[in-house]
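Presented below is the structure to which this report refers.
The letters A, B, C and D name the chains in turn, as written, and every chain counts its residues from 1.
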Amino acid sequence: MSLRNCRNVKVLEVSPVGQSKTAGGFFELRLENPDWDGWKPGQFVMIRPASWELDMLWARPFSISSGDKASVSLLIQAVGRGTRRIAELRPGDTVAMWGPLGNSFAVEPDTPTLLLAGGIGIAPFRGYVEQHPHPENLALFLAHRLPLDCYPYELLSKTVSSRCMLEAKPSDLNCIIDTMRELIREYADKGGLVLSCGPTPFMRTVQRFAAEFGARAQVSLENRMACGVGACLGCVTKDGEGHHVQVCTRGPVFWADKVEL
Amino acid sequence: MSLRNCRNVKVLEVSPVGQSKTAGGFFELRLENPDWDGWKPGQFVMIRPASWELDMLWARPFSISSGDKASVSLLIQAVGRGTRRIAELRPGDTVAMWGPLGNSFAVEPDTPTLLLAGGIGIAPFRGYVEQHPHPENLALFLAHRLPLDCYPYELLSKTVSSRCMLEAKPSDLNCIIDTMRELIREYADKGGLVLSCGPTPFMRTVQRFAAEFGARAQVSLENRMACGVGACLGCVTKDGEGHHVQVCTRGPVFWADKVEL
Amino acid sequence: MDMQVNFGGLFLKNPVMTASGTFGFGLEFAPYGDLKRLGGIVAKGLSLKPREGNPMPRIAETPCGMLNAIGIQNPGVEHFVTKALPALPWKDVAVVANLYACDAEEFGELAGVLAGEEGVAALEVNVSCPNVKEGGIAFGQDPAQIGRVTEAVKKRAGNKHVMVKLSPNVTDIAVCARAAAEGGADSLSLINTLSGMAVDIRNRKPRIANVIAGLSGPAIKPVALRCVHQAVRAVDIPVVGIGGIASAEDALEFLLVGAQAVQVGTANFLRPDFAFGLADEMAALLETIGAASLDEFRGSLQLPL
Amino acid sequence: MDMQVNFGGLFLKNPVMTASGTFGFGLEFAPYGDLKRLGGIVAKGLSLKPREGNPMPRIAETPCGMLNAIGIQNPGVEHFVTKALPALPWKDVAVVANLYACDAEEFGELAGVLAGEEGVAALEVNVSCPNVKEGGIAFGQDPAQIGRVTEAVKKRAGNKHVMVKLSPNVTDIAVCARAAAEGGADSLSLINTLSGMAVDIRNRKPRIANVIAGLSGPAIKPVALRCVHQAVRAVDIPVVGIGGIASAEDALEFLLVGAQAVQVGTANFLRPDFAFGLADEMAALLETIGAASLDEFRGSLQLPL
């Protein structure tokens, strides 16, 4: 009746990402594809390893980064207890997975489209680039804190025009913000589309400049989630009218002028 | 200041036991030896894998089955959640271990000594046989419910005179009880020593016949434990005077006439 | 095994209900299983007017549990009646409305709105509101108020079954249970969440904007079982067990101490298809452990003399 | 970082104490660490006469927690004074006696026996006795009784610091806290265990012979934090936080909500050397998170306006 389902799937592969390998705690998790008809970039899955038993009750949400008939790939940064334990999974382990969940990024094949990624916010853009009919209309900007070779940057930079900036010291941040300002102004001017994914302060910056220059921009939120299906109301954000709406079902992608961050 | 300590040790090996391998869920867990000066057969350790984090709070008690300067071996049957998760440990995993704990079986080198084991109760007797100065004075009787090749029987039967009986149907139990009766009577008559380890009903049978024939007999109890060090008072049994005493520190070995089962 | 239950005029195909606030209006879970496989669906808490609920953050994970202070965000009872209820398969699964208000009159009004709705099988009265005010005693912790609210709902509920949901944050759950029974409750459901809190030592703030929140999940199961045990012995009306159920075995534990049915809450977040198979698993487990029937098993806990 | 604490005349080298009933008389743990590294040792519950405690089974594991109904098995206060106390390094670590009785007179008598013991730094009054009677309300759940017991102990305690240990199984912990403070308590410690239960669906029996038991461990930490938060705001006397502490971070959470010190209970069972290193780990963590000092950090929780 629906594309979504919940299945036990097997882990196919857990592999470090980037040339520096495990340094930044980035890895790619490849799981069996549980009979999906399809998915759209920006959508996510909830995954919960069977080995968690009763401690850590909640599954964790991750953007679908790539996938085909056989497998689903997630790009994950180990930041806490859950993601660290996910990094320890081995091929053959069982994971409960439900999805594809949520809405997706706007795709306008012929519109110049800027992808703004903060750190692991790059994950959904891999799929976006892969599925986009005209990748020559895409440009990627990655703001990163760890050395570039920690990130799955090359997966995208081979296909689309890409730029990246390291935030190592406070003054770097100003450079990044200035660059984002210029980029967003540029895309506003040419009637382009700005899509962004990253930590909340990063999203706020996008939102601010999009408003300033009237850019059509989308932000993808990473609110903490319990159910992922719209039931618990733990992940809500405020929409344009100040009403609480679920990020998992009404998002994770919002038009920047239709959400309070 | 004491032989006992608590250390993080590494798992060296987890190997199925018996010819039928994993069939009965029996395995040998070999751990780094955490600088012990020595241990005595009948003593036990508490182990708690680091991976348990906060769910399953208690360590699990296991008899020391064998050991040298480099390693400590436990023979374990997977019967519940904890032992099943212990069976999934892999070399290199970290386990908190404290011990050696509790008292030990009587050793009288020149006395004919009967070892009565119920199922995995055979575990401490492996060490007993290995450390005994005159194994020719030892005889082992194993009562078992699963096929013999599930048990670490051969580890002992090569060294000491051994017998075993399968309890497959109710009438087998009567045979076993009759045999135990005859054996205990025999050892009572010749002034021997009877040592036993197994499930509580098995221990009760030993206790009953030891009383009937005046045999000097010891039983090793397997009460559920939380702390293993005498503090929680969760493992108590009644001593000869009806007082609650800790199995972990006052036992696990008791003279059969000095404990209520 | 026959898993039907029938108490106080409420018929359930099986003893598995989903707990309020953890299953939305039910429709959110339709992609993950057939709603008709459930014994009952307790809808998320309803108030007379729409509520935006508490500020964020509202949820936090704790050892084997979670905290929530959603603050009964809901679109109001009218929306439920006109939009959600018609979309639910209420002929094949008992749909229970969960009522939230902060005084007896408002509870009565809510009951009045729902009394005439054919699709509503029962009203569950949430007298707990543990999330809503920091500190202080919720009115659901006061037996006199529990009695008053129950009477008010009963008076306006027509022939609907009225289930009163009790808070565990009380000195004596038996007194609260009796207050609800004397107020005319057709059944009790318990427990609601335990009052709890979590803080972040790095930013030195509460992890929940509301500061005090409700603890649920496997961590609280021992408290829930104790409360159900005490309630079953305190009153003659049926009791529905809630709290930390995450397996068929957990569910049977509540039946063993005497519950007629159970509600599954937080476990719906572990995986969205959790509740659908539970009744079948319970039936299979009952056979495995040699129970003759659900009735034979229910309440058969052997207490020491 | 300086970790000393000093409240109501009680000096602790660091804020880590071990909780009553989980650390024996302390000596059981001597093989696993230097007792002098602890801020304090609360000895197992003491009664006037020796007690055999409850029948077995007395303990059960639960999700992230455990149940116990030991029933205050102990060799009596006399044994403690003559046998255990002299063997403890009480000059270098605060030894706190935990008093158990079921009426005010007996509490007074116990205090009288201990008041003259140089080795005893403080008396902790266990008014909770949650394990002892099935159902029914323990007298420690009644504020009036808490006040009466506190007075009785205070009257006979000489110049000993009197710490009153509160039960979380009450409708309003603030009322209990105030009752103890008004009774003259020098400090409060909380929480004791939550009242809980576990059953075995296979043999259809309670997993604890006493049926009702006390829940402890990480599962209850959110409830403990909430209670400590409420107690700190209800009274002016110092508060010691207890409940589910299993890491330095957990311990700091209790200090953040305003506790002066903490007690570690069930975590001593996770590994017997747990408590010894905790104060050092807390100090290191305080530096990591940028706290200027223990005093600066304590109670610095920022509440929403």
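Note that in this section a residue touches a chain if its C-beta (ideal position, glycine included) is under 8 Å from a C-beta of that chain, and two chains touch if they have at least 3 such contacts.
Heads up on the chains, UniProt names are A, B, C, D = Dihydroorotate dehydrogenase.
Note that this is a predicted model, so its numbers are computed, not measured.
Q: Where the centre means the average of the CA atoms, what chain is farthest from chain A (Dihydroorotate dehydrogenase)?
A: Comparing chain centres, B lies farthest from chain A (Dihydroorotate dehydrogenase).
Q: Is the number of contacting C-beta pairs greater for A-D or for A-C?
A: Contact tally favours A-C.
Q: Between chain A (Dihydroorotate dehydrogenase) and chain B (Dihydroorotate dehydrogenase), what's the gap in Å when you average each chain's C-alpha atoms?
A: Centre-to-centre distance between chain A (Dihydroorotate dehydrogenase) and chain B (Dihydroorotate dehydrogenase): 54 Å.
Q: Taking the mean of the CA coordinates per chain, how far is chain A (Dihydroorotate dehydrogenase) from chain D (Dihydroorotate dehydrogenase) in Å?
A: Measuring from centre to centre gives 47 Å for this pair.
Q: Per the centroid of Cα atoms for each chain, what is the distance between chain A (Dihydroorotate dehydrogenase) and chain C (Dihydroorotate dehydrogenase), given in Å?
A: Here the centre of chain C (Dihydroorotate dehydrogenase) sits 36 Å away from the centre of chain A (Dihydroorotate dehydrogenase).
Q: State, to the nearest whole Å, the distance from the C-alpha centre of chain C (Dihydroorotate dehydrogenase) to the C-alpha centre of chain D (Dihydroorotate dehydrogenase).
A: Chain centroid spacing, chain C (Dihydroorotate dehydrogenase) to chain D (Dihydroorotate dehydrogenase), equals 33 Å.
Q: Can you pull out the residues of chain A (Dihydroorotate dehydrogenase) that are in contact with at least two other chains?
A: Those would be 54-55.
Q: Please output the residue numbers of chain C (Dihydroorotate dehydrogenase) that touch at least 2 other chains, ranges allowed.
A: Within chain C (Dihydroorotate dehydrogenase), residues 63-65, 217-218 contact more than one other chain.
Q: Indicate which of the five shapes (line, ring, star, complete, other) describes how the chains touch one another.
A: Looks like everything touches everything, fully connected.
Q: Using the touch definition up top, name the residues of chain C (Dihydroorotate dehydrogenase) that touch chain A (Dihydroorotate dehydrogenase) in the complex.
A: 21-24, 28-32, 44, 52-53, 56-59, 61, 63-66, 68, 70, 73, 217-218, 246, 266, 268-273
Q: State the interface residues of chain D (Dihydroorotate dehydrogenase) toward chain C (Dihydroorotate dehydrogenase) in the complex, per the touch definition above.
A: Against chain C (Dihydroorotate dehydrogenase), chain D (Dihydroorotate dehydrogenase) makes touches at 55, 62-65, 67, 135, 137, 141, 169-172, 174, 194-199, 201-206, 209, 211-213, 215, 217-223, 225-226, 229-230, 233, 244, 249, 252-253, 256-257, 285, 289, 300-304.
Q: Show me the residue ranges of chain A (Dihydroorotate dehydrogenase) that touch chain B (Dihydroorotate dehydrogenase) in the complex, using the header's touch definition.
A: It comes out as residues 53-55.
Q: Help me check something: in the complex, which residues belonging to chain C (Dihydroorotate dehydrogenase) touch chain B (Dihydroorotate dehydrogenase)?
A: The touching residues are 63-64.
Q: Under the stated contact criterion, what part of chain A (Dihydroorotate dehydrogenase) meets chain C (Dihydroorotate dehydrogenase) in this complex?
A: 1-6, 48, 54-59, 96, 98, 223-224, 226-234, 236-237, 242-244, 249
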